[in-house]
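Submitted below is the structure of interest, expressed as structure tokens.
As written, the chains take the letters A, B, C and D, and residue 1 is the first residue of each chain.
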Amino acid sequence: MTDVVLSCTKISKAFGALQASKDVSLDLQAGEIHALIGPNGAGKSTLIRQISGAMKPDRGTVHFLGHDVTRLSAIERARLGLGRSFQISSVIPDFTVLQNVALAVLGDEGNSFHFFRDLLKGRPTVERAETCIARVGLEDRRAVRAADLAHGERRRLEIATALALEPRAFLLDEPMAGMGAEGASEMTRLLDTLRHEAPILLIEHDMDAVFALANRISVLVYGEIIATGTSDEIRSNAEVRRAYLGEEETA
Amino acid sequence: MTIILLIEQVLNGLQFGVMLFLMAAGLTLVFGVMGLINLAHGSLYMVGAFAAAAVAGATGSFLLAMAAALGAAAIAGVIVEMLVIRRLYDRDHLDQVLATFALILIFSEGTRWIFGSFPLYLNIPPYLSGPITLPGDIQYPLYRLVIIGVGLLVAAGLFLLISRTRLGIRIRAGESDREMIAALGVNISVLYTIVFALGAALAGLAGALVGAIQSVQVGMGEPVLILAFVVIVIGGIGSITGALVGSLLVGLTDTLGRTLLPVLFGTFMEASAATTVGAAIASMLIYILMAVVLIFRPTGLYGAR
Amino acid sequence: MNKLGKIALAGVAALWAGTALADGVKVGMITTLSGGGAGLGIDVRDGFLLAVKQSGNSDIEVVVEDDQRKPEIAVQLADKMIQSEKVDVLTGIIWSNLAMAVVPSATAQGKFYLSPNAGPSQLAGEGCHENYFNVAWQNDNLHEGAGAYAKDAGFKNTFILAPNYPAGTDALAGYKRFYEGELAGEVYTKLGQTDYAAEIAQIRASGADSVFFFLPGGMGISFLKQYSDSGIDLPVVGPAFSFDQGILQAVGDAALGIKNTSQWSKDIDNPANNAFVESFQAEYGRLPSLYASQGFDTANLLLSAMGKADIDDADAFRAALKEADFDSVRGDFEFGPNNHPIQDIYVREVIKEGDVLTNKIVGVALEDRGDAYAEKCKM
Amino acid sequence: MMRREQILNGAVLLGLIAVPLWAWSSGEPFIITLATKVAVLGLAGVGLNIALGTGGLVSLGHAAFFGIGGYAMGILASHAQQYVPLFEWPLLVEGTKSMPVIWLVAIVFSGLAALLIGALSLRTSGVYFIMITLAFAQMLYYFAISWPAYGGEDGMAIYVRNSFPGLNTLDPIQFFAITFVILCMTLWFNARLVRSPFGTALAAARQNAERVEAVGIDPYKLRLAAFVISGMITGLAGALFADLNRFVSPTMFGWHLSGELIVFVILGGTGRLLGPVVGAAIFITLEHVLGGISEYWQIFLGVLLLGVVLVARGGVIAVIAGKGVAHD
């Protein structure tokens, strides 16, 4: 439990009067899935944007693989190996599955400034992309435009894209959102194997999946982490129960 | 350069800026509410000037001419909005640029077809013509003061309209959320037509006011259009305050640049070279201003970030 | 031009096309018929075609094209007329920059070019050509006339302004060539500028005793309206361009009484001019302008040469043109060594005839004026 | 759908070469000139299309690069014409009448200008980008008008077309051949570019910039590179256009030209390989045909453009070859 891959220390962020993150400290250790849960509007997405670099915190630091990355942009963090998938499905709609993943491989290879060679004829690139596509089970759909994929398929494409970056840590923002029961369990299996590749910071509303997968869970309420612990610890935490079930208890 | 001359030039800059504001207000409103880039805004300015010249020629009344300019531009605005513009709201800027570029061609050549190739006559009415003496013994044309007055009145009226009236509330709502106000039962397409006609009428008024001291001719709208775009981009697109500040900034920069730069260059250059170089830099000045503003504030002075 | 006139014109053109003779002359007219400045091109064309029509000469065929005031288009039209239409003579261009784009290569290909309006200094000096004849003026002429008038009128301290482009700098140079007083100020404005408040304020503050300006087209209209409203009552002098028939009604009473210089005026009393003014009005229903007179003279020069020589004999035809043996509506007219006019420059004053603003001649600024560049021309 | 577009592309290029050949054989040199104009303006549009179609950068200032290319030709050729060196210090630089040298200079300088303008303009986006590019072009326009050394508003006439080794450039058909070959080479380059890693990333950045950042690629750099390439091609077209007319003037910097280039791209089909060429061909044909019918031909042009925007969405190529822009 000493191998910390990603950590943030006392992150704060305010939008005017709204305190979106308040002294948040959080870490992600090798081999684990660390789930971040919380009611709507708790500031989960704001937090993950600060970790990915899309937004700068007002105070606090972010460390990744031992580097202080607080001042680095999203692009630079991505190059260090911080792989992110998005809450709102954001693949490139006009690209095929293969192109989408190949783009990520390209980003990982670090040189997109080739003007002449055909991307889809570059053998190593395509092979890597296809491996990732196969891992999420989309090999039959590789020539389909992302916009034409079913919702669950698009989610898996996201994961394939994140895989292609060969990240040292995953940031996954609601990968199960909008999936049917079957899709969700398939995704759960996939994530379960992924954690050995790189640890996962998972934001998810599907509590079944969270409790089945997560090694640790942190609960974010009004921008503050009120509890961190194993599934059992969280289930029995009084403050968490109050936050989630508060109204029922008083009723 | 004396202080009196400087004050006079500041007044000139102010008047130029106020005139630009009349153009820019409509442009920025249409962009803010409907998200539309309207290159044909300058054509509505031209329509106003031609309508005013035609009516003034027929009736001899300047006030009637102004009313005609407002009316004609508003009507032209409504027609264009209903036939063309409303089909463009959901399109990207590229389609809007192309379609309104096409409208410029149609308006310009159509006007030439109706009114011929020669400039029309429109003049200041006798009761507004000639200079008056301001405190400090400054001689200044009354008509230009009237333009400044009308422009400031329109600005005040627009601020009241936006902040105090039901229409204004809807306009502001339309800027932030189209579906929402549609859901609230406001007829959005009527609202859009009204906003567009309002912008058109302001452009027409500007054209008529300016037509009396400039040349009423085909193509008169294009240079003003580009300036109005410079204004709203500097001010921040969609912001009336930005349009006002941007207008005055552009008006003053252009006027003072024209007069001060050649003098400035004259301090270290040979006189006739200073005149030409100064004039050359002065003609580029507002574009330089715009580029500098955008480099430091990529969405303009009052633009949404 | 009204629609009826246009239909008639198309008919005439069709007629000519049908009767092209083996040794006829084919004329390519490239002029500005659309967009800003179209009025000038239309006048040149109408004046030219009127002369052709009056001559009754069926050996001449005219092809008219619109250059949209764009130099690229003018160049392409010239290519078209030379390559496809196989014209013998080109004419019609209004603007100096378009002339500079077209004329040198046309004359280099052995075509004649007769200029009905533009006379840039390069084409009068080092860039002159034996096949290039200017029937209007060298660009500086009217400004020189204005300078000469200013000297005669005893102006001592003039404020001068023009747009910041070559014709503008040439204009001020031309004025200064004959003017002998001091300059109260010299200002270059932005090309296409419409508001002159800043310049007018400078004029007011400068202590000038007179103003000279060259601001063609809409720029001049704007300047004059704003100047007259400013309450400054210094005398103004300028070239005829801002006081010409097509533009004067738009300037309005602001122009009344202003002296301007021109090589032509509708009240020049000679038979050719009287007939021209009358027949132009009868044909087109408006008073002829300076540009119409230049178009008319250009056609008559060409017709006079056609009567003397065959176009296929270029040397003879050139000599015939050079003789300038036609009745110019402006009175005496001959070509200098560089094929530019030697002519009188008149001073006109803007007056009102009934409701119509027009000009009358009040004096002569320069007599038998050639131009300043002729000695640089080596033909 | 892709197949149909490829067939159409082939047909367009074949048409573009067949028309002048026919005109050549039947002694209609002006038609060749028109075809050359299509090739050159199409080339400028192909340049713009890289920024606009692939990169999604709506530049209303590409006249800046077109004009720089034109002036590169004008300045070099006028110095060569007058036997006056450009400058003698720190090293002697003479003018030249050699097309390849002129092209190189045009490409380098328009590329440098695009680098500078792009680096500043790409800090903005949307309408602001449209307007700031326009602002830079207007600056150059007014500069060119009031810069007396090279003709100011009068521009510069170069009386004899510049030379190309082994060819007589004054012969319309030979000059057409030069422009056509350059156009084809550029199209080939463009086709490669779109499928290259760079082109893929650029197209991705157009559709979803945040995604591109998330995979560790900087969209700003992609766009800047695209803008520079785009400017260089448009600059080359400017040099050719100047040679076509043997004349350069500030109107090459005018915003009408920027607008026309956009019209070519949209008319043919944004992002289509041959879109700008088709657009230019239609536009120039219309200008030629309508211009002969009526003084007020621009009204018809306006109505037609309006029709394309409102009805024929996606441009002419989309109407003929179908909507989808395929990527593999």
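The rule is short, and it goes like this: contacts are C-beta pairs under 8 Å (C-beta built on N, C-alpha and C of every residue); 3 or more make two chains touch, one makes a residue touch a chain.
Since the model is a prediction, treat every value here as computed from it, not as a measurement.
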{"item": "Chain whose mean Cα position lies farthest from chain B", "value": "A"}
{"item": "Centroid distance [mean C-alpha coordinates] between chain D and chain B, Å", "value": "32"}
{"item": "Separation of mean Cα positions, chain C and chain B [Å, integer]", "value": "35"}
{"item": "Centre-to-centre distance between chain D and chain A (centres being mean Cα positions), rounded to whole Å", "value": "44"}
{"item": "Chain A and chain B: spacing of chain centres that average the CA atoms, whole Å", "value": "49"}
{"item": "Junction residues of chain C - those touching two or more other chains", "value": "34, 164, 169, 188, 190-191"}
{"item": "Per-residue overlap in chain D, given as positions that touch at least 2 other chains", "value": "142, 145-146, 148, 296-298"}
{"item": "Listing of all chain pairs that touch each other, if any do", "value": "A-D, B-C, B-D, C-D"}
{"item": "Touching residues on chain B, where the partner in the complex is chain D", "value": "31, 37, 84, 87-88, 91, 93-95, 97-99, 101-106, 108-110, 112-113, 226, 229-230, 233, 237, 276, 279-280, 283-284, 287-288, 290-291, 294-295, 298-300, 303"}
{"item": "Of all residues in chain C, those that touch chain D in their complex", "value": "6, 33-34, 65-66, 70-72, 75-76, 79-80, 83-84, 96-97, 100-101, 104-105, 108, 120, 164-167, 169, 188, 190-191"}
{"item": "Residues on chain B engaged by chain C in the complex (per definition of touch)", "value": "1-2, 4-5, 8-9, 12-13, 15-16, 108-109, 112, 116-121, 123-124, 129-131, 139, 141, 143-144, 210, 212-220, 223-224, 255, 258-259, 262, 272, 275-276, 279-280, 282-283"}
{"item": "Residues of chain D touching chain A in the complex", "value": "192-193, 195-201, 203-204, 207-208, 210-218, 221-222, 225, 229, 325, 327-328"}
{"item": "Residues of chain C touching chain B in the complex", "value": "34-36, 38-39, 42, 164, 169, 186-192, 194-195, 197-199, 201-202, 204-205, 217-219, 221-222, 225-226, 229-231, 246-247, 249-254"}
